[in-house]
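Both complexes below contain subunit A, partnered by subunit B and then by subunit C.
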Partner chain A sequence: MSFWRIIFNSIRQHIGSSILAVVSIWLGVALLIAVFSLREQTHKTFTEIGTGIDAVLGPKGSPLQIVLNAVYHLEEMPGKLKWTYMKEVEKSPIVVEAIPFCTGHSYAGYRVNAIDRRFLTDFEYMPGHKFSFAEKEGGQGRPFNEAKEAVAGWEVAKKLHIKLGQTFNPVCGVKSGDPIHVNDFIIFVGILAPTGTPHDRAIYFPLTTFYGLEGHGAATAKMATDEKYREISGAYLKIKRIRGGAMHPGVQDLKFGIDQSTEAQLVIPREVLPRLFSIIGWVDYVFIAVSFMVLALAGMFLFVALLSALRQRRRDMAIMRCLGATRRTVFGLVLSEALIICIIGGLLGLVFGHILVGIGAEQMKAETGIQFSGFYICIIDYLLLPALFVIGILTGLIPAIQAYRMGVLRNLLPIS
Partner chain B sequence: MIVQIKDVEMIYETWSEKTKVLDIPKFEVDKGEQVAVFGPSGSGKSTLLHIISGLLLPTRGSIEVCGEKVHELGEAQRDHFRSRNIGYIFQTFNLLQGYTALENVLLGMTFSPGKADRASANKLLEQVGLGEKMKRRPYQLSFGEQQRVSVARAVANKPKLILADEPTGSLDPHNSVEIIKLLKAICKEHECSLVIVSHNMDMISYFERTVDFKKLNRALDTKEAVI
Partner chain C sequence: MKNNIAIVLLSLAVVVLGILLLVPKQQNQKNCEPEGKHKAYHEGSLNAITQCENGHFEIKVVDDSLEGWFVGGGQDTNRAVRVSSDKIELTVFLPDGTNKELLLTASPLNLAGEKNGDCSHFTAAAPWLSDIKTFQATGKINFKGKWQPLIIQYPEGYDRD
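Take a look at the complex of A and B:
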């Protein structure tokens, strides 16, 4: 009979507590994997998306609010800025391109942003990635060319079953109950291929259409024709690159100059994102702490289960010693049992944790537009096996030492 | 000689007293010999077997079993010695309740140097009349059957010596005789020596050599075993 068979028999003898120990470790590890994976993916994706946009020219107000609105299509812009001011900024030698946009409209819960057509044709939403309408990539149609045309992000199109040629009436606002532009029918002429970014969750239409929407009033309508009066929510800025792909250092001077003005501010998402993470960071830490506590409780449960099993099997151990098993053998049996329970629970937790992330990914994408993956390998995946090994040893060590020190003759009598 | 015991003393010590339970000047068992040691309960017979098997070390004296000076071996060496040379049978069978009869016999082979061989274990169980019940667990067997499993387990590691501690103590007279006959036959077949200790005088007639433990153990001569 092999060493492993003896361990298997031993686990079978206290199968109830063994299964509970496996399940508790499984849940602890799954929770830890899910929390770490989502945390890492959130940071990575938010940062990638954020750094995809060099800078946002926005109105005065909270820089974080501007980033959330301009980059992630959340929140609302704190105000407006003059088109002419944006044009002045665009003249800066380090600004390659400025893409103006107006936010504040929605349709069926999704943001409807008015934007310059170049956004759909030239703009890189992430370094090296431009929007695509290619069918093989999941897109359809073309960019808008004329007024009253719109392009839907991939997620919006999927969720709202949008077909090319279909029309919609934008809502003037982003909250439920906001008025609808009932007489403005905008036609979908394109669907963007999936990008895995919040852009999948937005609808884009031309700025001229935005200014011309019925109900915006004469002053806004005038903005469509006269640049002098035109206002925008902000503009995405593409900054000149220097060697190594880094942003031109002059961007800080540009930022300083704009921030000093009364008109606008320049927000660099890469600089603002750490602030966002520091605000939501405590939630991360709470989740991580809870996960570690669950795992620690699972370890303690295993420890108690092993101790109790050992008390019940003292006679078995003594019999084995009589049959020639050494102290080291029984020590190894108990320790291996702890390790096996830990590793089985851990591996199940690993798989389950990733399944959990995979299931949650759909929901997260629907909520944030960010594509999460169940197959994402985070740091905890690499640390898991050594960590389980340590937990197995820590929980199994005391019971194993007790088995090692157990007197043979004293424990040979039947347990009544 | 399989067992050679010389001037063995065993004294149990507590904080307040010392009790001498064994004082055996000489005890020997030949290769292939089957010896029955008879004596009253509590006279130290089990202690003698524990000392022979290396489960206990005597306070003084020398014990040579199967050519090895057991009293000079360290604990792990004594464990290995036991796995190679000794088969143990207990009054309370001491079978592992979570294991089948077959697994209990296989366990007897596990800690010995040879490989645990399922075919040999099957054969042994058939030999003790449990060929049909080898997948049953101890609690599904009668006491007599459990002791048969215990006998099969004791010879599973091909020992040179079998030590049986009151093997019939939990059995009815019929099963007691059956077990003794089985034990003798199986030891003869496997060419191993047998030392059986018992308080049951009815078993005397089955052994060519019997030892009166009251005469063997001088510690019993003293009225008070307290020094």
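Take a look at the complex of A and C:
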């Protein structure tokens, strides 16, 4: 009987505990893969998306809140900003472009942002990538030209089954129960091609539409015509680039100047997002710690299963030794059994972990706007095989040593 | 007994493996300021006005021009402090033992709503500035409503404490 055949038979003899050990390792590894994959993808997505928007000019308040609202269409803007102030900032020689926007409206749970038309035509949401309406890329229609026209992000259009020519009434607010602008019918004239960014999760209409919505009052309506009174939620800024594509270093002086004002601040998403990760970082560690504990439990379970299997097979081992098997052979048999169970469980966990991320990706994208992929290779994928070897050896070592030191004569006696 | 020890060792090994994976993430703190040092927001040199907690004058020399910002004390070096002067006279002590006079004029930060006489930003230009790498300077400034000595050590910065 070959070495591998003996191992296979041994596993079959205690199939119940072997399957349980495989399943527990499988689940531990799957959990680890899912946690690390989501963690890395979230980090990557948050830091990369920030590259399209060099800076956000916003009102005084929490910089994190401004980034979450302006870039990720979450939260609410802490206040308003004067249009004239934005125009002053735009005059700075290092500001290439300023795209004003107004947030605070919604439709069917998605944000409706009033924004300058240049956002749809000129703005690069990521370096070298502008919004597209081309059908071959998944878009439809055109940018808005008139006051009562709107453009839907790809994700919104897909979820709400939006068709060109369809109308909607924006909600004045972002919470359920906020009043609806019942007499304002906005028509969809375009659907953006998918970008894989949170911009897919919003609806855009012109700034003039925002000021002219019924129920906003005379003061707001006046903002449409008189720039002196006009207010905005903020503006996306494109900063001049220097050699190597880096942002002009003068942005820090610009930020310093704006931050000293009483009405505005300049927020650089790339600086704010690491703070977000430092705030929520402990949640990551809790998940990772739980995953490791599950894996540790799986390892211990395997260890106990191997020990009990060894006790049951003491006589078999003694007979094998009588038939010519060396001490090293029985040592190798037990260790290989542990390694095989670990590797089978680990590989199943690897596949299942990625399937888990893939299945959850759609749901998480709808909730957070972040594009996740089940095919993303994270650090655990690289470390998995060596780690499984280590766990296999650690769990199998002591049972293997016990098998190695087992007395032949004493164990030849029938167990019963 | 042996089995119990083995279980404990096994658990420890898995925990150590987990910690090893996490350690590189913990060390990503290169942006942290060295302990006891304040951040020069404009990457210039911070000169404490009498004492660190009171305020700072951050200066930066590029070619033949000098820029200076009055900023807060302690960790508030990202907050401008406006002064009522529109000119500051400095006596600059050069490494070769000679002295020079340098006049800093107010250059209000428009976006902060500053104006002459209520300004935190000052500039000066002199051809000899581009020739020197290090200097000391003294002057006086009405800072936070009180005339206080202004001592500058460039590029290392001044802090009496």
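In the analysis below, the second predicted complex is superposed on the first by the 416 of 416 C-alpha atoms of A that agree within 3 Å, B and C clash if a C-alpha of one lies under 4 Å from a C-alpha of the other, contacts with A are read in each partner's own complex, and residues count from 1 in each chain.
Keep this in mind: a residue touches a chain if its C-beta (ideal position, glycine included) is under 8 Å from a C-beta of that chain, and two chains touch if they have at least 3 such contacts.
Computed from a prediction, not measured in an experiment: that's the story for all the values here.
Chemist: Assess the superposed three-chain arrangement around subunit A: do subunit B and subunit C clash, or do they fit?
Modeler: In the arrangement built by aligning on subunit A, the partners subunit C and subunit B fit side by side.
Chemist: Between subunit B (first) and subunit C (second), which does A:Asp54 come into contact with in this model arrangement: first, second, both, or neither?
Modeler: Neither: A:Asp54 stays clear of subunit B and subunit C.
Chemist: Return first, second, both or neither, reflecting whether A:Ala387 touches subunit B, subunit C, both chains, or no partner chain.
Modeler: second
Chemist: So, A:Arg321: does it touch subunit B (first), subunit C (second), both, or neither?
Modeler: Only subunit B; A:Arg321 stays clear of subunit C.
Chemist: Now for A:Thr329: first (subunit B), second (subunit C), both, or neither, which partner does it touch?
Modeler: first
Chemist: Classify the contacts of A:Glu155 with the two partner chains as first (subunit B alone), second (subunit C alone), both, or neither.
Modeler: So A:Glu155 meets neither subunit B nor subunit C here.
Chemist: In the overlay, work out which of subunit B or subunit C sits against more residues of subunit A.
Modeler: C
Chemist: A:Asp116 in the overlay: touching subunit B, subunit C, both, or neither? Say first, second, both or neither.
Modeler: Touch status of A:Asp116: no partner.
Chemist: May I ask you to decide whether A:Leu307 touches subunit B, subunit C, both, or neither, giving the answer as first, second, both or neither?
Modeler: The answer is second: A:Leu307 touches subunit C but not subunit B.
Chemist: So, does A:Arg12 touch the first partner subunit B, the second partner subunit C, both, or neither?
Modeler: first
Chemist: Closest Cα approach between subunit B and subunit C after superposing, in Å?
Modeler: 24
Chemist: Which part of subunit A faces subunit B closely enough to touch in the complex?
Modeler: Subunit A reaches subunit B through residues 1-2, 5-6, 9-10, 12-13, 315-316, 319-329, 408-409, 412-414.
Chemist: Which subunit B residues qualify as touching subunit A in the complex?
Modeler: Where subunit B meets subunit A, its residues are 50, 53, 55-56, 75-76, 79-80, 82-84, 86, 88, 90, 92, 94-99, 103, 106-112, 116, 153, 157.
Chemist: Write out the stretch or stretches of subunit C touching subunit A in their complex.
Modeler: Per the stated touch rule, the residues are 2-3, 6-7, 9-11, 13-15, 17-18, 21-22, 41-43, 69, 78-80, 109-114, 120.
Chemist: Within the complex, which stretch of subunit A touches subunit C?
Modeler: Interface residues on subunit A, with respect to subunit C: 85, 88-89, 92, 252-254, 256-262, 264, 285, 288-289, 292, 295-296, 299-300, 303-304, 307, 379, 383, 387, 390-391, 394-395, 398.
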